[in-house]
Structures are given as structure tokens and as C-alpha cells.
Amino acid sequence: MKKIGVGLIGTGYMGKCHAMAWTGVRPVFGDVPDIHLVHLGEASQELASKKAAEFGFAKASGDWRDVIADPEVDIVSITTPNRFHAEMAIAAFEAGKHVWCEKPMAPKLAEAEAMLDAARASGKVAILGYNYIQNPLIRHIRKLLDEGAIGAINNVRIEMDEDFLADPDAPFQQRHEAVNGHGAIDDFGVHPLSLISTLFGRVSRVMCDMAKPYPTRKTDVGDREVEVFDIATILLRLANGASGMIALSRTAWGRKGRIAVQIFGSKGSILYDQERMNEFQLYLNSDQATEQGFRTVLTAPHHPPYDRFIPAPGHGLGFNELKIIECRQLIGRMRGEVTVAIDFEEGIIIERTVDAMARSFREGRWADVA
Amino acid sequence: MKKIGVGLIGTGYMGKCHAMAWTGVRPVFGDVPDIHLVHLGEASQELASKKAAEFGFAKASGDWRDVIADPEVDIVSITTPNRFHAEMAIAAFEAGKHVWCEKPMAPKLAEAEAMLDAARASGKVAILGYNYIQNPLIRHIRKLLDEGAIGAINNVRIEMDEDFLADPDAPFQQRHEAVNGHGAIDDFGVHPLSLISTLFGRVSRVMCDMAKPYPTRKTDVGDREVEVFDIATILLRLANGASGMIALSRTAWGRKGRIAVQIFGSKGSILYDQERMNEFQLYLNSDQATEQGFRTVLTAPHHPPYDRFIPAPGHGLGFNELKIIECRQLIGRMRGEVTVAIDFEEGIIIERTVDAMARSFREGRWADVA
Amino acid sequence: MKKIGVGLIGTGYMGKCHAMAWTGVRPVFGDVPDIHLVHLGEASQELASKKAAEFGFAKASGDWRDVIADPEVDIVSITTPNRFHAEMAIAAFEAGKHVWCEKPMAPKLAEAEAMLDAARASGKVAILGYNYIQNPLIRHIRKLLDEGAIGAINNVRIEMDEDFLADPDAPFQQRHEAVNGHGAIDDFGVHPLSLISTLFGRVSRVMCDMAKPYPTRKTDVGDREVEVFDIATILLRLANGASGMIALSRTAWGRKGRIAVQIFGSKGSILYDQERMNEFQLYLNSDQATEQGFRTVLTAPHHPPYDRFIPAPGHGLGFNELKIIECRQLIGRMRGEVTVAIDFEEGIIIERTVDAMARSFREGRWADVA
Amino acid sequence: MKKIGVGLIGTGYMGKCHAMAWTGVRPVFGDVPDIHLVHLGEASQELASKKAAEFGFAKASGDWRDVIADPEVDIVSITTPNRFHAEMAIAAFEAGKHVWCEKPMAPKLAEAEAMLDAARASGKVAILGYNYIQNPLIRHIRKLLDEGAIGAINNVRIEMDEDFLADPDAPFQQRHEAVNGHGAIDDFGVHPLSLISTLFGRVSRVMCDMAKPYPTRKTDVGDREVEVFDIATILLRLANGASGMIALSRTAWGRKGRIAVQIFGSKGSILYDQERMNEFQLYLNSDQATEQGFRTVLTAPHHPPYDRFIPAPGHGLGFNELKIIECRQLIGRMRGEVTVAIDFEEGIIIERTVDAMARSFREGRWADVA
């Protein structure tokens, strides 16, 4: 593989993030093919052209199908709203392209299953945009867990909280419509699930509670009922028997990007918080008794691939740089390497777990993950 | 009331804590009657005499009934293991004494109900040793909540974790027997519930999961099955409609006295952790947008009764000093003042909530709190 | 020694703290003689009587000389403003009493030297109220240093900051008069020096800068010049050759009781902050490279004498409880035990170091500590 | 200006950082000309070619003069060891190129002055690589200071610590030779000075102490004397009258990229630490008294230009991304915009301050900054 032709659909938050990743991956890693930014698709030709100039894409189209149809395009980055993912991804696979699709797969489980079928049928690389798992520290935590550094895991807690919907006076928006999903459990819940999948494997069953802090929201024509749940708390059991909990809120004032992970094992504990993504905490019961305490470990070159970005410890990566690592993993997959990334096979498990959460809440009891 | 005659039963962890509280309450507060340390009861005359000398009690007995029968004793501090609480407290009420009993009330709900009946019949003051609610900062948080500082509460999370049972190689102990209760939900759970009761009022329903990280423990004659659950996680709804969660672990390596509280409201958030009991965190959405952040507020003289201990801010109270505050509240009750303390009327609600947790776990579904 | 007769002069911030310490020392430690609270002295008979009742002293006088003359008094706690220390302490020694005097010794070095002479002549115990050194964690840090846990020390930094003089609109007060000393270097500087003395030994030379953030203060009759310096920063060299720095401010908004210590050695580092006095941080270069980080160690029973207060780790001591430990050390000295406390022999070194700071500032160059 | 032709000399730590910045600046900001990566120079043709391929440069040379001579090159990034800066920068100016030179300017003040003369003579843009000042939060702190949010500043403390020279057993390296400068004061000291320059303006005088924790280091042929000072502490006065302190250590175990800033004013305080570069702390005395505390403010889109990277708050920038911001400022200067960056005119003040530090240390007294 001498070069990679990239197509990009969508130029919002995640679209720009993909563009920066495709641009940055080569100078950072040095060991990847030439990246050709071939074709950018947006909702209008005007916007597409403007963004193509900014991001450095050669061609621009107001119709996403042009991107997928472009023979110079090897892989398509899909960063549009969730409800478009299925159609676009399936079309891309049918056109013989690799796909890098933002998470979650789709608002409805059936659509996600169809996406997986299309991916399987195509034989192409199909990766989802779960960037938090790409943090060098998350990989290092996985290594520690695999090595048994903190022994057998008995309890896991993950909280994901932000406050972008915390203001009760903010108006009704599309996010509040059921057509876009259940609320916190799909918008947020998939991230903790991606961490669980990466660190521990499967969830076997869940018991979910969901809540609407603000049952109605303002519109220009009066109040409208909010159809989704901004808060959710989920009891869970992992396939390995450990108990756990996920707590989610999109209305948690002061939380901006919190993903707080607590892992308790028979020999120690590990803590991590995405808001301070360049450090994690480790407690080892093998330390001298009088000096036992949680160590605050700063990310460093011996936590690869941090070393590809910075040769000095403690200087810190940014959120966007996780996407560059994800991009490198994706390229590895295209070359047949075994890399850390959540593909559609693994992603469908996450979608099914979310589905079980919703079912559990409806029925008021535990639900097995299919 | 010119003076108070004190009887103390038990001289372990909490017994000593009561003794220090009875000794310290007058110099700290200055506004209480003379405290006479009258009679100390322990399991043997020898131990009783030794401890009476250390703690400054005038009389010592190897039979707790002598303490309760002593006519100079006005109030009895009961600090023995939980399974003795009911018998002792009921006897004390029947002897016309006030009672200050360590938490929880009793291993079985029926016993706790009997204790309440005896308290009611006696008309005496009946206070439980829920010291964490006495932190000046917890009171200040309650004041903030009452004033609506963070608006309507929509979500509450409380974690209580320690690691004294975290070592899988530690031997079987009495705590592992079902006769002493369910495990985490009564040993620990009552503390978060005391905070909920103080800050928010009642829990209406619960959904509880419990787990045994180490199903067996070593004894001299081979492994023995652990009968209680060291880990529990509980979904809950408050009477005011807010959703919530309690997570408990006695096997959480590195946690020593963590009681982490997160309260999310429509206007802000409050965080607190008992391991750093001299500070709390406050986020207000009314702060200037560009400078919003969690404030770390250090305890200070304007958080009464901290001012009775230290006239300078940020110098810090200790765990034992919370008991001195509790003692002052108790004395206030004896004088007919309205004070902050969990009496048997409020305590029974906590016991019933624990009972609902156990029921919910057995049945695998939500349980209403009676 | 069957009993100790206590005299107390002064009932302000520190006077109450001494009273609580004398009351609490026996129930906490159990191994001390009976403490008799004999005689309390204050500026008026009325105040003395009121406080004696609150604190539990048998006698009360409006003349401090009565306390010192009382034959039942074995030891005198001197907690009056600094300018009275010399006269009172010298009189107490001459009356054959032991002395527990609050820090610093006196505003002028000559007075402090006279106090030391009187102490020596009397042969009595002469202890200064340097309570911060009594924290079980400070003792544990000393143990770690003595054991070479972090190797040879090359750099030490101590900051002590509060904000009680930070408001520029606050009126002129006695503290702003030169008769009470230099400002930050004696009011605050002695505390870092007590820590240096306890942890490392002597300071050999200093280079001091001082500043007046608010050169004038309001009075009822117009502005008045502030005669002391609220801010000071001092370069220093320890006798063992290490370099160091002390930074002091009484006008540091937000700092309430900060005494931040940083100790760097050839094998690791130690951090401590009095505002979180129940934890310290330890970094060891011998930890596994990929998991090196500062450990947050919570105070625990294996950091004596924490165990005398609480049998469980991480539950926390308070500022006042350090005085109880100090009191226990004092009693040990009265019994001829070797204990950790700053006596007048060690205290005079601190006073001379402050004097060298002032001299260095006047002359604009390094000054040797006499 | 339709496009910018870039030359890069050096491909180490900072060379790669410049390459990533030149690559990333356009997709991030969108408002800059086409960036042409024209010519890369390294010590050998082989290395130059290898790195040119990785970083995407069109031409590669083993002689840096070829880069400077290339007519397609508009601006030269100089990222070689400090001792080469002067010769290269002067040659670049003489060839009519703009210069982006890594900090500090040069090991000797005379060389730095010559660089400034050449820059002035050329009229070209001459920017130094002081990336820490580009943090959106540092800019926001500057805005707060300019607006008087914390009133008149009375005290500033900056610590910069790392541990890459902390191991006493590590061998002698080039850094330990005097030909490369004084040690901590130029290698590290220039960063705190860049922050002071950005936030407050000039330093008027300094009093410096320096220390060698390890006076000798191992070589293959025995121990060799270390010629530089890894530790330095500096008292200072700002031109505005405030007092301050800088503490520096390259042997501070556990510190990886610490630049801890404390700013105290008449109305509040600001704290910042580069190791947690996505947050700062603010204390305002105008907050409600009972809830005053340091706010931990997370970086957010309303701290520009964070918004150009990420539209959501609290997600975090990385160290490398500060270089992208610096690059955008540089491009602005090339277009005649007023931007935040340290040019040679401002940089020479920093070099002169370092020179005054060294003089002060030699003479043992305060030194004025020329």
C-alpha cells in the first residue's frame, strides 16, 4: 500500500477531527503511506468547497454519494449525524470502500446489524470512532490488567458526565427527540462500554434506570415534551463475574468531559478520569504498608504511542491527538496488522448492550445482553 | 440541667470516641452543663477499671447492667457490637435513661423496631451515632440545598469505600457471618443513607445488587463460606423524584474512609469526599461563563460550629471532633433544643431502607421502602 | 509523677487550644498522670472566671502572677500575645515552674535569649508551641528522611500562606506595628523553620527579601503607615549543604492555612501541605518506571501516634489534635523521656535565623545564622 | 500572501514539533495561506531525506545552508541545539528569510544581541519558540489580569521542575558543559521569564542562588566535574513593583513538566500548573464569603483559540497543539497582524534577565536587569 485515498463525509465537530487526524498521522508516526485527501462531501457544494480548501481536500461535493463513488477514494470517514450512518456506511461497503464511522453505529439496533452485515459482506475494514480507548494510558491500564498487576477484578465503576444539557432554560433541540435514540445510554453510554470492551470484555447483563431531569423544553410555540432520558444509571455484571456500575448524565453542571473509571482488584486499584487524560492513579497493595497510596502516574514515552508525539514525559496529549492514534490503528488494519480499535464486530456488542439497557428499563428488571 | 451523668458501655473504637467527645464537649462549646463521667461498663471488671482510669470515669463494672442501673447516670453511651444494641438500649430506656447508641440500630429490622418502641415508651432522648452528618460542611451543604443554591436536585450519587476486607488472604472473621447482617449494605450503607436523610429526606424505592468478591475465607480448619456481601450497588429514587445511586465496597484497595457525594441540581453541583472532610466543591452556573469551575471551599468559622473549635479558616477538624459536635447536639436535645441528629424515629427509616435493599436483591427487582 | 497541676495564662485562640489539649491528652493517650486544671489567668477576673468555668479550671485570677505563684501549679501554659512571653516565662522559671510557651519566643532576639537563660538556670522543661511538627505525617516524613528513603536531599522549598491580611481595605491593626516584630518572617517564618529544624537541622545562611503589599492602612484618623512586611521570600542553605527557599505571605487570597513543603532528594521526593494535613505525597525512583508517580499516602495507624486517636486509616486528625500530641510530648519531657518537641534550646536557633533574615534584608546580601 | 514556503532545520524533539505545527495549522485554523513544506535540513543527507519523507517536505539537504538559500523558502524554522542558533538565524535574515527560532536565543548574550541586530537589519519576522505562553488559558489569565479581575498584583511565584537529570548515576552529558550555558537558569529559566513577560512585563532586578546537586558525573574514563547548575532559585522584583520568586530544578524527582505559577493580587489569586495544562485555578474575594474557594476552570471554547480545535469544553489540548497556535501567531505576524508571540525584541529582555541572574549569583547580591 503506497498511498491511501481519503473521502470525508461531514465537517462538523468530528469531521474536522477526522481531517486533522488524516493530516497529522504521517508526521507523527512516520511509518504510514502517503495520505491523499481526495474528496470531501457536505450538505451543500458551497460548504463542501469551503471546507475542502481549509482541510486540504482536492475535490468537494454537495452529494455524499459522489465521495463514495470516487475511484480514488480507498476509505470513507463518516462523521454525519447518527441517523445517516447506516445508509452511508452500507453504500460505502457496497462500493468497495473501507469505512471509518463515528460512534454509535445507528439509533436503531436493526440498522446497526445491517451495517455489520454489509461490512462482513464487503470484507473491508470497518472501524468505529471510539477515540477514548486510544489514550496511551488506557492501553497501559489494559496492559496492567492483562499482567494481573491489580489481581482479579471484582468491581468496576464508570461515570460519564457533561453539562451541555444542564440548563433547564435551554430550548428543545433535535437531541430531545426519540428518533435519535434513548438519550444518555446511547449518546454517552457507548463510551463507557467501549472502555469496558477494551479493558474487560463483554457485559453479560444489565439493570438500568433512566430519568428526565427536565420533562419539557421550550420551543417557539410553547413547551414540548422531552422524549429522551438525559440521566441513566446501570447496574451490570461482566462476563468474568465482576460487578459494576455505569452512571451517565448530560445534565451534570460542571462536568465537561468526565469519564471517571474506577477498577478494583484483589491486589490493587486503578482510577482514571478523562478530564485529566494525561494521568491515571494506581494503588498496589504490594507497596510498603506505611507508604501505600494512589500514585498519580503521568503519561510518558514508555506508554506508547505517546513517544511518537513527544519524547519527554508529562507534557500531555490532547483530545484530538487520540484521533490521530485511532487513525494509525485504522491504517494498520488496512495493512492487515492486529491493532487496537473497535470494529463493527465489537461495536455491535456495544449496540446490543445499549439495547439491553433500554429493555431492562422498560421491564424494570435485569436484562441479558444478547 | 446543671450537670449530666454519663454512663459508657464499650471501650473499643467507638467507645473511646464517645469518651473523648464527653471530655471535649465542654471546653469546645462552653455552653453545656458539667459533664460527670460516672460509670463505665466493659466485658470484665479488669478491663472496665483500666479504661475508667484512662478515660476518667469514676466507677467501673464488668456488667453493663450496673451502668444502666446507676442512679447517677442520666445518659448511656452504647458502643458495643451491633448485636447487643437492642437489649442494652431497651434496658436503658426502661431504666429511664437517655440513650446515645452507635449505628446501625440492630442487625435485624424487628429488633430495631423494638428499640424504637422502647424509646417512644420512655419519652427519653434516643440518638444514633451518625457522626458524618455532623461535619460543619455537611450542614453547610444542607443550608445551600435548602436555599436553592444549586436549584432543584436531579441526581445524587454516593460512594462509600474502604479496604479493610480487600485482602483475599485475610482470614474469616465474625463480620463474614450472616448473623451480623448483610454486609456492605448495613455496615456501610447506613452512612450514605444518613447523609441522604439529612440532606434530602426519604428514599422511596431501591434496586440493589450485591456481590461477594471472595466467596470463601481461610480458617484454621480449612476454607469457610463467606455469608455476607462486601460489595453492593443500589439504584434509588428519592421521595422528591430525583434519581440516585449508592455504591459500596469494603474491598476497594486504597480507599480508607471514602464517602464521595455528588449532587447535581438545575443551577449547579456539589461534591464532597469524607477523605478530605475539610473541603467541599461547589459549581454554580451563575458564575461568569469564562470562569466557571468547581470551587474548593475550605471549612471556616462561617461554617458553624467550626468556629467553636478554631477561629481561623482552613485549619481543619478531625474525625473525632465530629463526635464532639454530635455530643453537643445530643445535649441540646436533652434540653429540648431542636438540633441536627438522627434519632430513633429517623434511624428506623434508614433500617427500613436497608431492609428494602436486601429484599430487592433477593427478588431481582425494585423494592419500595416501607 | 502522679499528677500534673496546670496553669494557663491567656484564653484566646491558643489558650483554648491548650485547654482542649490538657483536657484531651489523658483519654487519648491513657498513659499520662492525672491532669489537674488548677489555675487560669486572664486580663480581668471576670473573663478569667468565665473561661475557668468553661474550660474546667478550679481557680481563676485577673493577674497572671497569681497563676505562676500558685504552689499547686507545676507547669504554666503561656498563650498571651508575643510581647508578654518573655516576662511571663522568666517569672515562671524563677518560680520553679515548667513552661509551655506559644511560639515565637519574643519579638526581640535579646528577650528570647533572656528566656533561654532563665530556662537553663531553672533546669525546668521549656517547650514552645510548634504544633505543626507534631503531625504524625511530619514525623513519618522525618523517619523516611532518616532512613534515606529519598536519598540525599538537594533542595527544599516551603511556602506558608494565609489571607487574613489580604484585604487592602481592612483597617490598621496592632500587627502592623514594628513593636510586634518584622511581619511575615516572625509571625509565619518560624513555622517553616520549625519544620526545617525537625526534618533537617540547622539553616546556615539566608538571603531575604521582604515586601509591603499595602504600605498604608486605614485608621479612624486617616491612613497610617504599615511598619511591617506581610510578604517575604528567603533563599537559604542548610547546614548539610542543600539549597532551599521559604516563601511567606499573609496577603495570599485563598490560602487559609497553607504550609506547602517540597523536599527533593537523590532517590525521590516528598510533598506535604498543611491544608490537607492528613495526607502526604511520596515519589520513589525505585518504583517500576512505567508506574512511577507521586503516591498520595493517607495518615493511618501505622503512623504513630495517629493510632492513639483512631484505629482506622484515612479518617483524619484535626489541627487541635496536634496540640494534644504536643502536650503528650511535653509530659514525656517532664518525665525525662526523649520526645519530639522544640524546646528553648532549639527555639533560639529559630529566633536567630529570623534575626539573620531581617539583617540580610537590611543589608541586601546573604547573612550567616549566628 | 497566497502561500508560505517553509524551511526546517533540525528534526529532533522540536524539529518534529515544528513539522507537526506547520502541517496542522491550516486544518485547525482554516484562515491561513497554503503551507508548502519546501526544504528540510539535517546533519546528513540520509537523515534529511528520511525525515523529509516522514514530514512531507519536498526537498532535503545535508547542509542547512541549502535550506536558507532556497528561493522557495519564505521562513526558516531553526530547531537545532542552542549553540547553532546565532549563526543560522543571522544567515537566514541575511538571505531575506523570516525566522522561527527555538528558545533560548543563544548560550551567550553577545550572540543573542547579534541575532537581534540581524533581525532588525532584515526587517523580517523573528519569532522565538516560547510555546507555553500560547496556551489558551495563559492568554485568558492575561486577559483576567488586564481587566483587573484579581486587582493589583503583589506577589508572583513560578516553579519549573523536571527530573531528567535527577538520577545521580546517570552519566555526564553535553548539558553539563559550561559551553552550553549556566544550567537551569537558561535551559528552564527562560520559560518562567516568557510567562512573566507575557503576563506582567519586565523584571527589574534579580537575586539568584544556584546549586549543583551532583558535582561530578560518570564518564567512561572516570568522574568529570559538572560545570553547570541544575538548581536555581531567584528572588525578583517586577518593574511594576511586585515581589516574586522563580525556583528551578532539573533534578526534582517526580516532576515531569511542572511549571507552577502562583499570582496573588489585591482581589484574588490565580494558580496554574503546566502538568495540568487544561485547567487553572481562580480565587475571587468577591465571591460569597461562605463559598469562597479556588475554582478549577477547565479550558473551553470561550478561551480562544481552543474553539478552533474543539467545540466542546474540557476535552483538552496537548503540548504539541500549543505549537500550532504559535505557528498561527507567526503567520499573523507575517501578514502584519498584532499577535501574541515573543519576538527577538522581547526575547532579548529574557536573555538579559538570565544574564543578570548569573551576575547576581557570581557577586552574591542583587543585580539590575540591563
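The chains carry the letters A, B, C and D, assigned in the order they are written, with residues numbered from 1 in each.
To be clear about the criterion, contacts are C-beta pairs under 8 Å (C-beta built on N, C-alpha and C of every residue); 3 or more make two chains touch, one makes a residue touch a chain.
Since the model is a prediction, treat every value here as computed from it, not as a measurement.
Colleague: From chain A, how many touching-chain steps at minimum until you land on chain C?
Modeller: Shortest path length, in steps: 1.
Colleague: Sharing more than half its contact pairs with B-D, counted by residue number, which one of B-C, A-D or A-C qualifies?
Modeller: That interface is repeated by A-C.
Colleague: Taking the mean of the CA coordinates per chain, how far is chain B from chain C in Å?
Modeller: Their C-alpha centroids are separated by 34 Å.
Colleague: Could you work out how far the Cα centre of chain C sits from that of chain D, in whole Å?
Modeller: Whole-Å distance between the two chain centres: 41.
Colleague: Two-or-more-chain contact residues of chain A, please, as numbers and ranges.
Modeller: 255, 292-294, 298, 300
Colleague: Please output the residues of chain A touching chain D within their complex, sorted ascending.
Modeller: 13, 16-17, 19-20, 23-24, 26-28, 30, 54-56, 162, 164, 255-258, 275-278, 298, 300, 309-321
Colleague: Could you pull out which chain B residues touch chain D in their complex?
Modeller: Against chain D, chain B makes touches at 140, 144, 149, 279, 281-282, 287, 289-298, 300, 302-303.
Colleague: Show which residues of chain C lie in contact with chain D when the two form their complex.
Modeller: Residue positions touching the partner: 150-151, 154-155, 157, 159, 166-168, 207, 209, 211, 213-214, 231, 233, 235, 237, 242-245, 247, 249, 251-255, 262, 264-269, 283, 285, 292-294, 364-366.
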